[in-house]
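My structure is below; once you've seen it, I'll send some questions.
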Amino acid sequence: MIKEHFINAKVTPLASLDTLSPHEVAKLQDISKGGLYRLFRQCCLAVLNTGSEMDSTSQVLDKFRDFDIRIAHKHQGVQLELINAPASAFVDGEIIQGIREHLFTVLRDLLYIGDELDQCCDGLDETGRTTNTVFHILRHAAAMRPHIKPNLVVCWGGHSIKRHEYEYTKKVGYELGLRSFDICTGCGPGAMKGPMKGAAIAHAKQRKANPRYIGLTEPGIIAAESPNPIVNELVTLPDIEKRLEAFVRLGHGIIVFPGGAGTAEEILYMLGILLHPKNADVPYPLVFTGPQGSEAYFETVDRFIRTTLGDEATKRYQIIVDDPHGVAVTIKEGMEQVLAYRKQTDESFHFNWQLHIPEEFQQPFEPTHEAMAQLCLKEGQPDYILAAQLRRALSGIVAGNVKEPGVLAIEKHGPFELTGDKVIMDALDELLESFVNQHRMKINHEEYVPCYRIVN
Amino acid sequence: MIKEHFINAKVTPLASLDTLSPHEVAKLQDISKGGLYRLFRQCCLAVLNTGSEMDSTSQVLDKFRDFDIRIAHKHQGVQLELINAPASAFVDGEIIQGIREHLFTVLRDLLYIGDELDQCCDGLDETGRTTNTVFHILRHAAAMRPHIKPNLVVCWGGHSIKRHEYEYTKKVGYELGLRSFDICTGCGPGAMKGPMKGAAIAHAKQRKANPRYIGLTEPGIIAAESPNPIVNELVTLPDIEKRLEAFVRLGHGIIVFPGGAGTAEEILYMLGILLHPKNADVPYPLVFTGPQGSEAYFETVDRFIRTTLGDEATKRYQIIVDDPHGVAVTIKEGMEQVLAYRKQTDESFHFNWQLHIPEEFQQPFEPTHEAMAQLCLKEGQPDYILAAQLRRALSGIVAGNVKEPGVLAIEKHGPFELTGDKVIMDALDELLESFVNQHRMKINHEEYVPCYRIVN
Amino acid sequence: MIKEHFINAKVTPLASLDTLSPHEVAKLQDISKGGLYRLFRQCCLAVLNTGSEMDSTSQVLDKFRDFDIRIAHKHQGVQLELINAPASAFVDGEIIQGIREHLFTVLRDLLYIGDELDQCCDGLDETGRTTNTVFHILRHAAAMRPHIKPNLVVCWGGHSIKRHEYEYTKKVGYELGLRSFDICTGCGPGAMKGPMKGAAIAHAKQRKANPRYIGLTEPGIIAAESPNPIVNELVTLPDIEKRLEAFVRLGHGIIVFPGGAGTAEEILYMLGILLHPKNADVPYPLVFTGPQGSEAYFETVDRFIRTTLGDEATKRYQIIVDDPHGVAVTIKEGMEQVLAYRKQTDESFHFNWQLHIPEEFQQPFEPTHEAMAQLCLKEGQPDYILAAQLRRALSGIVAGNVKEPGVLAIEKHGPFELTGDKVIMDALDELLESFVNQHRMKINHEEYVPCYRIVN
Amino acid sequence: MIKEHFINAKVTPLASLDTLSPHEVAKLQDISKGGLYRLFRQCCLAVLNTGSEMDSTSQVLDKFRDFDIRIAHKHQGVQLELINAPASAFVDGEIIQGIREHLFTVLRDLLYIGDELDQCCDGLDETGRTTNTVFHILRHAAAMRPHIKPNLVVCWGGHSIKRHEYEYTKKVGYELGLRSFDICTGCGPGAMKGPMKGAAIAHAKQRKANPRYIGLTEPGIIAAESPNPIVNELVTLPDIEKRLEAFVRLGHGIIVFPGGAGTAEEILYMLGILLHPKNADVPYPLVFTGPQGSEAYFETVDRFIRTTLGDEATKRYQIIVDDPHGVAVTIKEGMEQVLAYRKQTDESFHFNWQLHIPEEFQQPFEPTHEAMAQLCLKEGQPDYILAAQLRRALSGIVAGNVKEPGVLAIEKHGPFELTGDKVIMDALDELLESFVNQHRMKINHEEYVPCYRIVN
C-alpha cells in the first residue's frame, strides 16, 4: 500500500474556540514581523506532526516546507484550511479529534499571549508580573480546577529513552492512574507519553470521570516534542521559564524519569527553588525513578547534585528504583502533606502561589554563545543561585541540541563554551558525558555531536 | 412572623469563577478612586436586591447603606462575605443559587472590563474598538454559541407596566418558548421578566436542554433594574451604548413591549441603525406588541416615528396587537430570513458583525445639562442621525429618572432643557406626555416629577 | 386564522424506549381482547389531549373517535404514526417534546405491566405481591433515586378549582421549589398542575439540576386528567389502588389542596393508613392548605374526619390557611424527621417499605352498584377499616363522575345507593353536598347531576 | 513488602442498581437449591479475581474457598459485604471502580434472568422464546443503542495466546478505535483484553464520548475468564448458546484472533449460521487475523473448514495476516454494507433480528459423556447442521478443559469419546492436535491432558 504523506483538509474548530473576531483572524494571517502567522504555522505543524520520530526542529520544518494553514470565516465560525499537512494526523482522511483540539488550543494561547495579556498586571513588580502572566494563561486555558484536592502529578524525563524505560514509565502511570491521579508532562514522546498511556488504562478501570492529561509546551520546543493526542489539555506558554513555572505551580508532586540535558535542567530548576529558604517548609513530593538497569542515570545525577549543591539538597528528593507501586504510594503520601499544608495555610488547591520562585529562575535565558560563556559556575554562591546558573547551562545545551535558533548558532559559531570552578566543571562534564554515553541526548544518538565544550 | 431584612452570609463562588489571583482580589477590595470596590459593592447589592419594587438607585443605596462585601482567599478558592445583605436573596438563610451565580458574573465582568481588555484592539479605529470590546466581553462571558442557528429573541419594554401587560409578556414568552427560542432582556422586572417566565414554562414542556435567559445590564442601570434570578447568563457591559450594541449584535430578532422613556430610547437606537443605508439589506425582525388595551402606546410611538423619521422608517417594524401566537410566528419567519442571509453572506450565527452601527450610536453619551441642551433635534439631517440625537435625549431622561448621577444633577440644577425644531419638539412632547399619563415613567408614578423641559 | 383540530404525524421514540421486539409491537397492535391496542390508543389519546378542558372520558373519546395510532418498525427503531391526533399537542406541526416523552412512557408501562411483571413475586402473599408490583413498575420507570435525601412532595387536590385557588397552588409550589423539593401529583389540571408550574420557576432560580415533576396516573383516570407536559416523569400504574400506593411509598410528604370527591378519597386513603397501629411511629408530614376564601373546604373535611374517625385522627395532619411559606417550612421540618427516621431504621430513601398498607387499601375496588351498596359504613369498626370503606365510597363517586365504565353504569342503573349508620351517612352527605355547592365535582359544574344517593 | 491476599470490604452499589426489594435481597442470600446465593457468590468471585492467571474454575474456587458475600439493606440502598475477597480487586484497600460496577451488573442479570423474564414471550415458539430472551436481557442491561450506526466489532480469540499475538490484538484494537468502533468480547485475558486496551488508547485520542467495551459472559465460563475492568458493560447471559446468540445479534462484524477450542467453537457457530440459506444475503463481515508467525493457526482452521464444510464456506470469511490497518479497513467497508442492508430492509441497528439462527445452534448443549458420544459427526448432512454438531463437540472440549462440571466429569469418567466419519474425525483430530501443539488449550499448557479421545 502506498501511503500518502501529505493531506489537505478543512477543519472546523471546537465550539468554544471558534468565536474569533475578524481582527484576530487577521492577526493570525499576518505574515509581517509583528504578526502571528509564522508562529502559528510552526506550532500547528508541530501539533500535526505527532508520532513523528524526528526531534530536530529544522528537519521537521524542512520536510513540511510546503505546509500552509489558512483561516476562513464561515457562518458557523472560523474554519482552518490545512495544506500539505502531515498524513499521520489523519485517519482515513479525517483529522484525529485530539489533534483537532490541539490546533485550536494553540490558536487560543497564541492570541491570548499576544493580545489580551499585557495589561493584566499593572502595578506589579517583575516577579509578580511573571507569576501572574502564568496564572492568567493557565486560567484562560481553563487549566485550573479549584475544588479538586491536590492530585496532579508532573512527570519529567527524556523524550529519547530505552524501550524498557518507556515500559516502566507506563507502569508508573498505571499505578498513578489506579489512584486517580492526573498527569502533566511536557508533551512529546518517551517519558512524556508513557505515564499518560499507563494512566489512561487505569483511569478507564477506575471509571475516572474527567481524567486530565495536561501537556505544557512552548513555541521553541513544540516542534521537537509534538504533543501526543492523548494530551487532552494542551497549553502553550510563551517561553521555557514560564513553562517551568507553570509545571511547578500547577502540579502537586513531581516524578522524574531518566532523561537527558532537558531533564537535568528540570531537576535543577525544581531543586533550586526548593532550596530557597522561603520554601523550606513547603511540602513538594519529588521522586526520581527508573527501572532496573537504569540505576546509573540517577547515581550520576545524585552524585552531581551532592558535588555541586551539597548533601543537604538531596533531602528534597527520593530515589526509587524499579518499584512503580512504591512510587505511587510515595506520591500519594506526599500529596496528603500537600493537602494538609494548603488547608492550614489557606493556599488554593489549583495554583501554588506560596512557592517562592526567585527571579533568577523566572528571567528568560537567551542561550547565545556570549550568555553561555558568562554563566557563573562557581562555588561560594548560595546553593539556589548556583542551581539557577547550572539550569541555564543545561538549558543552553538543550537549545543547541534541538531548538532551531540554537542549532543554527552552533552551526555558525561552533559549540558553546562553558567555564567555571574545576569541581563544578568536572561534575558537569561527567554528567553530560554520561548522557552522551547513555544515548540520552538525541533520538538519533549515532549522529550526536556535542554542542558544548567544557573549558577548564 | 417577623421577617429579617438583613442577612450576613459567606458565599463560595462557582468553580469556574473562583480562581482569582491575589492581585485581582486586592483590586476588588481597593477603595481608592482607581479601585473596583465601590462599583463591585453597588452591583452586588443590586443583584442581591432582586424582586424589590424600588427603581430608585439612591433609595436602594440608602436602604442598604450598611451593606458590605469582602473577599477572602481560601484553600478551595475565594469566598465572598456578605454583611447586611437584602434578605430577599435568601431562602431559609441560604442564598438563592441564581443570585449566587449573578454575584460572580458581576465580579467576572468588572475584573475583565477593568483589566484585561484594554489591549485587545490595537490597530483598530474607534468604531472597531467599541465593537471588538463588546465582542470580547461577550466571549469572555461565554455568551456566544457558534453552532446554534439564530434563535435569540431580545425583548424590550418597561419595567413598570400594568398587570395585564405583564401577563401578556408572559404569554408571548410562552409562545416563543414553545418554538425553542432563547430570551434576552435588560434584566429587571416587568417586560424584562415576563417573557422569561413564560418561556421557562414552555421550555420545560419542550424539554429544551440548555435554555438561555440572558440579561444584559450596565453598572448605571443595574441598581434600578435588579436582574431576576431566572436570568441564567448575566453580562455587565461597561456603559449603556455597549449594552445596546450587545443587544443588537447578539440577538437575532427584537420584540418591543410597552414601556417608558427607556423603551423609546431602545426603539430609536434600533431604528436608527436599521435606517442606515449600509444596513438596508440586513434582515432583522422587529415587532412592537402589546395586549388589548395598550394600543395607545404603540399608536403614539408610531406617530412619533412617522413625524420625526418619516413613513419609510415604519417599514422596518411590525405592530401586532394582542396576538402572542402571531408574534411568535412572525419572529420565526423573520429568523428564517436571518438564517438564510447569514449563510449566504458567511456571517457568523453568534455575532452580527455585518450590522453597521454608526459612530453616533456608539459614543457614550454623558447626559449633563449642557450635553442635553446641545442636542441637535432638527429636521434636515439624515434620518439615522436624527434618530441618534433623539436616542440621546431619551437616554438623558432615563438617567434623570432613575440613575444616581442623573437624579443628583436634576436635584441640583433643575430639569434638563431640550430645544429643537418645533415639529420635532412637539412630537417629543406628546410622546413623553403620553408616557407620563400612562404611568410608564416610574414604578411610583404618583410621585413622578418630570426631569426635562421642552423649550420651544 | 382557522385552527386545525386534527393533525397527522410520525413520531420517533426516545432512544431508551424504542428497542421494542417485533413481539411487543404485535401486542400493542393487537385489537383482540387480550391485546393492548385499545388501552394503548386510549392512553395515548389522553396524553395528546393535554390542556383540554374536558374531564369527561366519553366526551374525549367521542370527539376524537377518528384518532388512530400505529407502530412501524424502522431501521433506527420503532415509529409511532398518529392519525387525527388533537392539534393541541403540536406546535407548528411538531409534537411538543414533553408529550412525545409521555407517549413512550405509556407504551413502556403498558408493555411492562402486561408482560414482564407477573412472575416477579413468586412466593409472596397478596399484600407482598401488590407492594412489589408497585415497586417493580416504579423501578422499571426509573422513578427511584436511591442516594437522594427525602425531598419528594406529593400534591393532591382538585382538577376543577377556582382561579385564586389555582394561583395559590402555584405559590405553594414556588415556595417548595425554592427549597429544592421535587413535586409529584396525579397529573391533570388544577391543583395537579399549579404546584409544578410554581416549582418550575423556583427551580430555575435555584438552578436545580434535575428537577422532577412526577405524574402518577392509571388508565381509568388518564383520559379525564391528561398529564401536563411539565410532568417529566409519567408513570402509569395498573389501577387506582396501586397508584395510591405508589404516591405514599414514593413520596416523603403530602400537601392536600381543595378538591372534590377524588381529593377526599385520597385523604381517607392516607389517613386510614396512618391510623393503623403499625404506622404509629412512622413520620409522614401531611398538610391541608388553601388560600383565604377556601377555609370552608377544610373545615368541612376536618369536621367529617372528626365525626367519622374521631379527634385522634386529626393529629396526623395540619391545616394551614393562606400561608405558602408556612406550608413549605412545615414540610421541610417534617422531611427532616423523615430523614432521621429512615436513617435510624435503615429504611431506603427511595421507597417507603416500612409503611404498612392494610389489605383493605390494596385490593382493587370495582365500583359496581352492588359493591357500592354493600359497603360497610358503620361505627364500631377500627378507624382504619372505616376509613377504607369510606375511601371506597368516594372512589365509586369519582368513577360515577368521570370514569367511562362508571358513567355508563350510572346512565344505565341510576345513581349508586349508599347505606350505613346515620351519623356517618349524615357526615358523608354533608361532605358531598358541600362539594357540589362549592362546584368541586366537575369542571362543567352547571350540569352536575349527582351519581350517588344516600339512603338513610 | 508483604502483600495481602484477602481483603474484607463493604461496597455500596451504583445508583441505578441498588433499588432492590427485600424479596430480591432474600433470593440472593437464599442458599437453598432454588436460591441464587451459590451462583451469585461464584460470579462475584470471578469478577473480583480479575487479572488472575488461573483459568481453572476449580482452582479459583478452591483458592478462595473462604470468600463470602452478604447483602445488607441500608437507608441509601443495598450494600454488599465482601469477606476474604481477592486483594487484586483493590487499590490501597478500595475496590477498583470497574470491578464495583461488574459486581452489580452480575447481580442485575442474575435477578433478571431468574425472575422477571419467564413470561415475556408467551405465545412464541421455542426459537422465538430464545431470541426474545436474549433481546430482553440485553435491553434490561441497556446494551442496545438504537440511534447509533452499526459500529460494534466482536473480537473472538484465545485467552491463552503468545506475547506477540497479544501485542497484535492491541494493535488491531488501536486501529479499530481510531475509526471509533466499539469493542465486544467474551471477557477474560488474551485476545479478549488486547483489543479493548488498544481501542481505549485510540478512543482517548479521538475523544470518543462514550466508548463501549462490552463483555458478554455466562456463569459457566466467568470463573475461568474473569472480566477485565476495562469492560464497561458486562452482561451475564444464562448459558453459552444465548451468549453466542447475543454476540452475533448485537455485533455488526466479527474479528477472530488465534485461539483454542473455544475460538474454534465460535468460528463454527458463526459459519454454521451464515451457511444457512436464509442468511445468504445478510452481510456480516468476518475476518480471521493474526500476526506474522501465527499463520499456522488459520491455515489449520481454514483446512479444517474446507474439509468438513466445503470450499463454499470459505467465502464468508477473509484471512488477513499481520496487517492491523487492513483489518480495520476491511471491517469498515463491511460495516458500510451492513448499514446499507439494515436501512434497505428496515432492520434495527441495535439488534439483528433478521439473522436466522437455526434451532440446532440455540438449544443448550449439556456436554455429558453420553451426549458427546452421540454427536452425529458424519458427511452427507446440510453443512450448517454439520457445523452445529462440530460446534457442540468443541463446546464439550472447552467444558472438559476449564468448566467445573466438565472437569469433574472427566476426572470421574475419563475423556469424552467422539465418533464419526473418518474424513471428519481425521480433520478434527488434526485441528485439536495442532491446538495442543501450539499450546492453545490451557494457560498452564505444560500440564495439559486432553479431555477427549477420537474414536475412529
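A, B, C and D are the chain letters, set down in written order, and residue numbers restart from 1 in every chain.
One rule holds in what follows: contacts are C-beta pairs under 8 Å (C-beta built on N, C-alpha and C of every residue); 3 or more make two chains touch, one makes a residue touch a chain.
As the structure is a computational prediction, the values presented were derived from the model and not from experiment.
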Chain-contact steps, minimal, separating chain C from chain B: 1
Given chain A and chain C, the chains that contact each of them: B, D
Chain separated most widely from chain A, comparing mean CA positions: C
Gap in Å, rounded to a whole number, between the CA centres of chain D and chain B: 63
Whole-Å gap separating chain A and chain D, where each centre is the average of the chain's CA atoms: 44
Mean-CA-position distance for chain B and chain A (Å): 46
Multi-chain contact residues (two or more partners), chain B: none
Set of all touching chain pairs, with the criterion as stated earlier: A-B, A-D, B-C, C-D
Chain B residues touching chain C - in the complex, by the definition given at the top: 1, 91-92, 96-99, 101, 178-179, 197, 200-201, 204-208, 213, 228-230, 232, 329, 332
Chain B-facing residues of chain A, complex: 15-16, 18-19, 21-23, 73-77, 115-121, 123-124, 128, 132, 135-136, 139, 142, 144-147, 342-343, 345-351, 353
